[in-house]
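First the structure, then my questions, so here it is.
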Amino acid sequence: MLGDRMAGVPGSVVVPVLQGRRPLLVEVQALLGPGRGSAAANGNGSSPRPQALGLDASRANLLLAVLSWRTAVGDLLGKPAPEFFVAAVGGISVSEPAADLAIALAMASIADGRSIPPDLVAFGELGLAGEVRTVPGAERRLAEARRAGFSRALVPASTPGDSTTTGVALHRVRTLSEALDAIHDHRVGRTSPVTMPGWSTVAAAASR
Amino acid sequence: MLGDRMAGVPGSVVVPVLQGRRPLLVEVQALLGPGRGSAAANGNGSSPRPQALGLDASRANLLLAVLSWRTAVGDLLGKPAPEFFVAAVGGISVSEPAADLAIALAMASIADGRSIPPDLVAFGELGLAGEVRTVPGAERRLAEARRAGFSRALVPASTPGDSTTTGVALHRVRTLSEALDAIHDHRVGRTSPVTMPGWSTVAAAASR
Amino acid sequence: MLGDRMAGVPGSVVVPVLQGRRPLLVEVQALLGPGRGSAAANGNGSSPRPQALGLDASRANLLLAVLSWRTAVGDLLGKPAPEFFVAAVGGISVSEPAADLAIALAMASIADGRSIPPDLVAFGELGLAGEVRTVPGAERRLAEARRAGFSRALVPASTPGDSTTTGVALHRVRTLSEALDAIHDHRVGRTSPVTMPGWSTVAAAASR
Amino acid sequence: MLGDRMAGVPGSVVVPVLQGRRPLLVEVQALLGPGRGSAAANGNGSSPRPQALGLDASRANLLLAVLSWRTAVGDLLGKPAPEFFVAAVGGISVSEPAADLAIALAMASIADGRSIPPDLVAFGELGLAGEVRTVPGAERRLAEARRAGFSRALVPASTPGDSTTTGVALHRVRTLSEALDAIHDHRVGRTSPVTMPGWSTVAAAASR
Amino acid sequence: MLGDRMAGVPGSVVVPVLQGRRPLLVEVQALLGPGRGSAAANGNGSSPRPQALGLDASRANLLLAVLSWRTAVGDLLGKPAPEFFVAAVGGISVSEPAADLAIALAMASIADGRSIPPDLVAFGELGLAGEVRTVPGAERRLAEARRAGFSRALVPASTPGDSTTTGVALHRVRTLSEALDAIHDHRVGRTSPVTMPGWSTVAAAASR
Amino acid sequence: MLGDRMAGVPGSVVVPVLQGRRPLLVEVQALLGPGRGSAAANGNGSSPRPQALGLDASRANLLLAVLSWRTAVGDLLGKPAPEFFVAAVGGISVSEPAADLAIALAMASIADGRSIPPDLVAFGELGLAGEVRTVPGAERRLAEARRAGFSRALVPASTPGDSTTTGVALHRVRTLSEALDAIHDHRVGRTSPVTMPGWSTVAAAASR
C-alpha cells in the first residue's frame, strides 16, 4: 500500500495505528483548496469544517483548530481558512487518537507546501493545548515502522527506548509546535531547505 | 494518562467519573477560538454551539448557556460568544452529568485565561439555575482522586465526609458561581494571583 | 435527587412520571437566554426551537407553541421568542406525554420570572388547543409525590380522588391557562405575590 | 382518551386506525401559528414544513401541499403559509395512510377556524390529485367508531355498507374538496353555521 | 388499489414492480406547486429537491435532473423549477430502479398538464444520459399488467416478446425523450390531443 | 446490464469492482447541470457537493476536489463548479476505493463533453495528490473485463502482467492527469479528435 506514495508531495504522513493489538501503517493525506471557506456555512465564524474520509471529521476539525490556534500555521491559513480534505489511504478507517499528530502534520504540510520526509512516521494524541500525549503500544508501532523500512519517528516525549532498542531514530516532542519545528522552520514565507539534516528537502510551494 | 498534562495551561480540569462502578480520572479540556461566532448559524442569536469530542455536544451547549447566563463569565464571553471546543482526553467517552462542573470550569478557565490548580478535581451535576447537584459515588470518586495524588476537590454541597476520611480536602459549593469564586476572583480584567492559598498562580492571559 | 433544589428559583417544576409501572419524581428545568432567537434559523418565522436534554425536543417545541399561542405568556415572549433550554435533572430521559404540563409550566415560570411553589407537583398531557388531558396512573403518581413530601398537585380535571384518599391537595385544571392562573396572576408586568394562599411568594424577576 | 376533547375547538378530528388488526380511535390535532413561514428555510418557496408529533412529518407536509393546491383552503393559507403543528393525542404513533383524510381535515379546520362535528370520524388515504382512496378494514373501523358513540363517518366513496349494517351514517366522498364541502361551506370569509343539518355550529374564529 | 384512480388527471403513472419475485402494480403520483423553488435552499442553484413518499428522494432528485437536462420538459420547468412531490400510492415503498421511467413520466405529466393514458404501464431504469435500461423480470411485470386489465406498456428497447405472447401492446423506447414522444407531442404550449391513436385525450392544463 | 450503454455519450465509464472476491463490471455515470452551484449552500466556497446514487457522496466530493485541484479540468469547471450527479447503474452499491479512477474520469468526461472509449475499463484508488494507487485483485478485474469483451484498461502503474497474460491492453498511469492525457488532450476549448489511436472520436460538446 505504501509503495504508491509520491515522493516530495506535501500533505502526506504515515502513522502506525493499532487495529486491536495488530500494528498497521496507514498513510494520512490532506488536500487544500484554493478558495476561502464560507464563514456562514459552518457557524463558527472562522474556517470550514474539514471533510474527512476514513477519519473522524469532528476530530479533524478539532485538530485543525489546535493547528490554527496553537501554532504559527494559523497565520498561514488566515481567516476563514481554506477548504481542507483529509483522508486515510486504502479504504481504511482510523479512529485512534494516536493518529492525531500525523493528521495535524499532514494539514500543516499541505498548508505550507513542504513535504514531510518520506522515511518518517509520527504518532501521538493531541490535547487542546497543543500538547502531544502518550498513546499505548509505542513499542509495537515502532517495530512495525522499522519492519516497513522507516528510519525515524516523531513520538510523544514520554516514549521509552532509543534507536538501539527500537531500530528507529526517535524524535521526542512535547507539543505540536515542537513537532513542526523538528521538521522544518515554519516562519511564514520562509522557503529554505528543511532543517533536519539528512531529510529530503522540498522548497515550499508558493504560498497563496 | 494524566502524566502528559501541561502545568499552568488554562482550559484543563480533571474529573473522577464512574464507568459502571469503576472510578476513572478523566481530563476535560476546552479550547477557545479568537473569532466571534456567527449568530445566524446556530439559530439562537447568541453563541455558536460548542464542538465536543468524547462529550455530549448538547450537554456542553447547555453548560455554556448556564455559564453565560448564571455567572460573571457571560460578560467575558460577550455576544455572540467565541468558538468553543471541549474534549475528553484519551479517546474516552463521558456521558455522566457528574462531569458537568468540570466541563463548565474548563470553559470558564479558557475564557478568562487562568489555569485550574493542577492538584484539583471537580465533580457535580449542574442544574439550569447554576446549582451544583449531588451525584452518586462521591466516596469512590474521591478515593480514586487521592490514589492518583490529587489533594483537593470541588464537590456538591451535600457531599459527606471530610479530608480525614477522604484524604482529599473538600471544597463544597452550591452553585457554579461559588465554584468559580473558590478558584479565583472572576472580576473581568483582574489578573492578580488566584485567591486560594497554596494553589498555583497563573496570571490571566490577556483578555481579548 | 430533589434535595438539591434551590428554593424560589423560577423555571423548576417536579413531575411524577412512570417508568414502566414504577413512579419516579423528576425535576424539569427551563432556562431562558437574554437574546432573541433568529427567525431564519428555525424556519417557522417565530421562535427558535428549544434545546432539550433528557426531554423530546420536538415535543418541547410543540409545548412552547401551545404556551405562546394558547396563553397570555405568548405576549411576554414576543416574536421571535428568546432562546429556551429545557432539561430533566439527573441524567434521566422522560418521554411520557404526562410531563407536558410540567414542562410548559417550567417554561412559563422562567418566562415571567416567578418560581413555582416548591411543594407542588404537576402532571397531564397537553393537547394543541391547550387542554389538559388525562394520563394513566394518577393514583401511583400522587402516592409517590406524597411519599416525597409534596403537598399539592396540579392534575387533569378528570383525576379521581381527593386529599383524603391521595394525601395531596388536588388542583384540577382543564387548560394550561387555568393551570397558570391557579399558580399566579399572569398579567404582564405584575409582580405581586402569588395568589394561591399559603404558597411561597416570589417577586417576579425584572422582566426584560 | 377521547373524554378530554374540548367541544367546538377547531383543529381536532378523530380517526379509527388499525394497529395490526385491532381498531383504535385516535384524535388528530392541528395548531396554526400567527406568523408567516420563512420561505428560505424549507427550500420550496412556499410554506414551512409542518411539525409533527406521532405522525409522519413528510406525509403531513405532502397533505398540506394537497390541501393548499387541490382545495380552496389554499387561498385561506396564502403564501408562504403559516406555521403548522400536527399531533396524535396520547403518545400514539400513527403511520397508516388511512389517517390522511383526518389529518388534512384537522389542518383545514384550524385554518378556517371552524370546528369539526364532534360525533364524526373520518378515514381514507389521499392521493396527490386530492382523491380519497380506499383503505382496508373499513368495517372494523366503523364498528369501533360506533362502539365509542360516534354517529357519522366521512369515508372513501367505495366503502360498502350503510347505516343499518354499520350503525354509523356514512358520508362517501371522492375528493378532499368533497369532504370539506360535506362539513361546511368553505368560501373564504364566510362565517355562517355549518351546512350539515344537526351538526354542531361553530362561528369561525376571527381569521387572522 | 387501482380502482380509485381518477381518470384524466395528470401526474399519475402505473408501474409493475417486483417485490422479491412477486409482481405488484403500483401507482406513482407527482404533484407540482405553483411556487418557484428557492435556489439557496438546496444548494445546487437550480431546483428544489423533490419531496418523496414511498420513493427514494435522492433517486427522484436525479430523475428530475435527467428530465430537466435531457428532455424538452426542462424548458417547461424553467429555473429554478417549481416544487415537486412524488409518492407511491397505498403506503408502499418502491426502491427498484425499474420504477425510474414511471416516476419521470409522472413528473413530466404534471409539468405539462397532460394525463398519461389510463391503460398504460411503464417500467425501465433511467441512466444519466436519459437512456432507458433493461430491468429484470419483464415477462412477469407484463403478465401482471395484463391480468389487471392494462393494454399497453412503455418498456426498454431490449424487452423481448410481442403482444401475442405478452397480451399487452409493447412500445419499446431507448430514451426518456422517446417515451415522452410516444405519449404526446411535448412542444411547450401545444395543447392538441395526444398523438397515440386510441389513447385518452386530455387538453393540457393551462401552463403557468 | 452493459448492453444498454449509449455509444459516444460523455460521462460513462465502466469499472470492474470486487463484491467480496467476485468481480463485477459496473457502469459509472456522471451528469452535469447547466447551472452554477451556490457557494453558500455547501459551505466551502467553491462547488456544490456532487449528488450520488449507489456511490459514496463524500468520496465523490473528494474526487471532485482532486479533479478540480490536481488536473486541468479544474479550469473547465470554474468556481463555483456546476452541479454534478454521479451514479452506479443498475441499483448497485459501490464503495470500493478501486472505483475512484472511473468516477473521476466520468466526471471529467461529462465536464469536457468527450466520451470515454466504449471498449475501456478503468480502476485504481486516487490519493489526494492525484496519484493512482494499487488496488487488490487486478488479475480478477482484468479477466472479467476481457470476458465481457473490453479490450483495454487504465490501471495503476504497479499493475503486473501484459496483454498476453491478461487478454486486455494495459495503459499504466501514475496520476489522474496521466489518465486524462491517455484518453485525450484536455486543453480547454480544444476539440480535436482524441489522441489514442483507434479509439472512438467524439467532438467535445460546446464548452459553456
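Order of writing sets the labels: A, B, C, D, E and F. Residues in every chain begin at 1.
The working rule: contacts are C-beta pairs under 8 Å (C-beta built on N, C-alpha and C of every residue); 3 or more make two chains touch, one makes a residue touch a chain.
Everything quoted here is computed from the prediction, not taken from an experiment.
Ranked by separation of Cα centres from subunit C, the top chain is F.
Placing every chain at the mean of its C-alpha atoms, the farthest one from subunit A is found to be D.
Subunit C and subunit E have Cα centroids lying 52 Å from one another. A straight line joining the Cα centres of subunit B and subunit C is 30 Å long.
Centre-to-centre, using mean CA coordinates, subunit A is 59 Å away from subunit D. For subunit A, residues that reach two or more other chains under the stated contact definition are 40-42.
With chains as nodes and touching pairs as edges, the resulting graph is a single ring in which every chain has exactly two contacts.
Listed in ring order from subunit B, with subunit C immediately after it, the chains are B, C, D, E, F, A.
Subunit A contributes residues 39-46, 58-59, 61-62, 65-66, 68-69, 79, 95-97, 125, 127-129, 131-134, 156-158, 174-175 to its touches with subunit B in the complex.
Of all the residues in subunit B, the ones that touch subunit A in their complex are 1, 3-6, 9, 11-12, 27, 29-31, 33-38, 40-42, 48-49, 51-53, 83, 85, 87, 89-91.
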